[in-house]
């Protein structure tokens, strides 16, 4: 029997609430904290990450912006030209071409980072704040500008398909705490305080080879973390979580909670989380360099009141 | 008489065309090069920049995204909520708030980076390519994905108002090659091969204190480079240019060329250029650390066919 | 003394609440009515309006869509080409050009119609419904599709500047019930049950001649109805109100109520109201035909959950 | 053999060019005409159409705006709230909810009208104008404001499925000139000068019952006119064409011309054409009233430089 292909046991609603309490960081950094686990990422970690820059290679962790509707892109971004070089500039040369981008800031086919106001669980945001603090004009608390000065630190890639010796995990497969530790061991890395965890299920490798699919709980679902992995991330004081899917195992392993990983990571822990990164270029560099740690620098757009942002995180070796 | 407040002599159309040829990099990196001066920024420069990370401080170089129309923002960005926490998630908790950003990707009040296809001069893009390569569906050459893996290197701030002992340069004031060298001397820095030049005129300090103004050639204009500074940047092999205005002296000092700096930097040199950065937070750190060099990491959104991108560059000390 | 240039007496908060009750139609057409005063406009009125079609002339009552930011257009509409004829069609000719329109659906510089859900007063929409019925995903009650089959009926133009023998009313000037009756008398018309009242203050004539101004209560304001005119419209059973400004006298004549006409018309009466129509072409036809009644046909876009719509009403003579 | 299910003979490229010449109206109304066949619709036709208003019933001919991506909606419209009633108005009550609509102005799942600049055939627009007159900033000729004062006239519904005694025509089925005349006979109508032809294939009945499909030439296609019907419309001097699909038989019956009906109607004839109307409500009224002629009033949004517009045409009985 291949344990990796076994979906671990279902978690009851009561067990989940206990788990929520166990990993909660409410109050840990004060009642008005807006940084959550990013508080773990201190200057010494940034220095240590810069010391990982040895070859000067650097690589994008972002998907291309997707303007084509599809099963995982029901709300495609729009990209319009507002001017090509057919329009003279007043008063002479040069001429300028320009364009326009319109996009939702979350969604399964776009690489984005979530603000802590993005998720509420049972009527509370991270730190116990009220969901009504997000109004129809935007977030009045814990918006994406909490991360405005960027995230720089040590990236640690956990390449689960490499560990399992598969191209990708199949929808519904869950990665447990035990497996994370096994991956660490094989790769010779250990998630530590202040780290940026890059969590690879091979989501986009699957997408490239099989085409897009509906990975929501209405569709086929996706591979991701099992909720039992959250105490490990909590104890290790991981600061940032960057998965290639959205981090969730879908369908959910938790009774009555369709997206339990988001509930734990964002609402309970205040973790800086992104969704839908792309690691296919990264893993080539990792293999060539035979290392799975590097400097990562990422920054959201500076969008006041925003609940998230498209972004393009960069790994530097 | 204060030479800094004197607008240097007007440049004739013929002189400008000579200057264009002098600084041109057409063909230097092959006929299909899409990276331009970013070719100067090599791995050793990235390693050297990482070695500048000593305190772990980091700071955004971006303006907030501006959704309010004004004299320098005729096409305001839009930020809409697509969902607040009033909408239940199907099948249970948690709930999610989400939003939408729509924005032109150039413009004086938004921090953005230009693709090389953005500027044509007399019917040619950088490297002699044809402007018709930018179609109504976007750029087929030299789009913003040329920079997709990000820009990481040594940032060198030239703080011209600090040198002049003023809060900001006034619209129309031009910074010459001679003044750049004088600033370097006072700050103890020297622009070198592969550098990211951060060029501060105090544009946004002025804006914060006096309010926005029309800084185009139809309005009051702005302070920026004199075109005679371009051979210096060319000889020094500067890779990247990040100004706080858009780098131009407006009104132009060149006969019949309203935006000559863009013509030289982008169409002739193929320089990686951004517009409208914000250095007011940066200069506080520079003063405290008493240094004007640091690591800079910046990445455009991964927008195929784009002529530019909003971005949030980060300086790391 | 010219009574027309006198702003009638201020209305107290208590008087306003009495007025609100007096003109309220809550419950008149049942607890779930979504049509409000449009219930007055019956088939016989439509037949009578068609009988007014005698010359076959027809004219738009709409402003051009305004993509230029200005004092009365802080959120300009956007109009982008998505394709020009530079892009071949797959498999052969012909080619197609296409475009994109993005626009807020209310606002002072765009001709639009309001849904009844658009306005709440003291925690209630028309008919006593709750404002929370408008969620972050749109209106669940009384959206603009209540008018989806269009509005067709008799238009009656009240041309107040013509009556006053001025080009336009100045900001802050209010039109009272008495003046409406005087205008009717001079023009030989009488607002009757089911009518579409076109109310002209010359707002756009002023704009064309003097340029745009900030007509909100933060700026210079605008001419419009005095709240004492509302019982007259109520008693006459006017179905639809189409003004050239937004119908309001700004600044308001009512204590603590910045937009009292909207409160009365939409929240109390359930009146089908539009804003920012354009009558400059219409009045030329009226003068030539020497009549101020005609058929009007108007329809919102069929936008489920919408709170309003851009539209282009047509007068047919 | 059922002739209705037979696709009439393929048309060669040479035959098509002859047909193009035969129905061309280039020059008919002068070299700078922007109205095309709308010139046929004269005041007397409007008067006659108003005389058809007998019962006062009126009905929308529009689909709902579709914000959900699907096989016939690759670029869904967006509808965002910009404000709900959670935001207080400055200075007091009432409060206002508002929203935003963003949409392409053509496309198979939205009811829209085409400007004459929308279609070019072999390097020419209607009347021989050049396609480059449509720039990246919009149309400089024959934009949608040519129809700004609206279209009012006699609507004649040709209900082909009713004639064939089927619920809808299947994709690829073509309606010939002969069949149009047979439909006329059965319904007791005759398309005449200045008429607005409503052409029903049952497209949206099929969509409602079977779900959306890809009706482009890349997909299953759709039922529509055979190109041999165009001389009939030409000779009858039909002014306006409003189909429920986009009027085309797809796949095309013409060699090398994927959308021949658009080429003939718009580029050759200058016909006022719309796409993707909805007649399911209309046919109920037609059946109840037992008539297939009525007044139609329709108007595009007043969008300068636009190549088309969403709209909501109204039939009045």
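A, B, C and D are the chain letters, set down in written order, and residue numbers restart from 1 in every chain.
Basically, a residue touches a chain if its C-beta (ideal position, glycine included) is under 8 Å from a C-beta of that chain, and two chains touch if they have at least 3 such contacts.
These figures come from a predicted structure and were not determined experimentally.
Across the two candidate interfaces, A-C and A-D, the one carrying more C-beta contacts is A-D. Both copies, chain B and chain D, contribute mostly matching positions to the interface they share, with over half of the numbers common to the two.
Work out the mean CA point of chain C and of chain D, and you get 29 Å between them. Chain A and chain C have centres, each the mean of its CA atoms, that are 47 Å apart. Here the spacing of chain A and chain D, counted between their Cα centres, is 46 Å. Looking at chain A, residues 75, 78, 81-82, 84, 100, 102, 132, 135-137 sit in touch with two or more other chains. In terms of which chains touch, the assembly is arranged so that all chains touch all other chains. Those residues of chain A whose C-beta lies close enough to touch chain B in the complex are 42-47, 50-51, 53-60, 62-65, 75, 78-79, 81-82, 84-85, 89-107, 111, 117-122, 131-132, 134-139, 145, 148-150, 152, 217-218, 256-259, 262-263, 267, 281, 295, 297, 299-314, 316.
Within the complex formed with chain D, the chain A residues making contact are 68-70, 73-76, 78, 81-84, 86-87, 102, 132, 135-137. Chain D contributes residues 78, 80-82, 100, 102, 136 to its touches with chain B in the complex.
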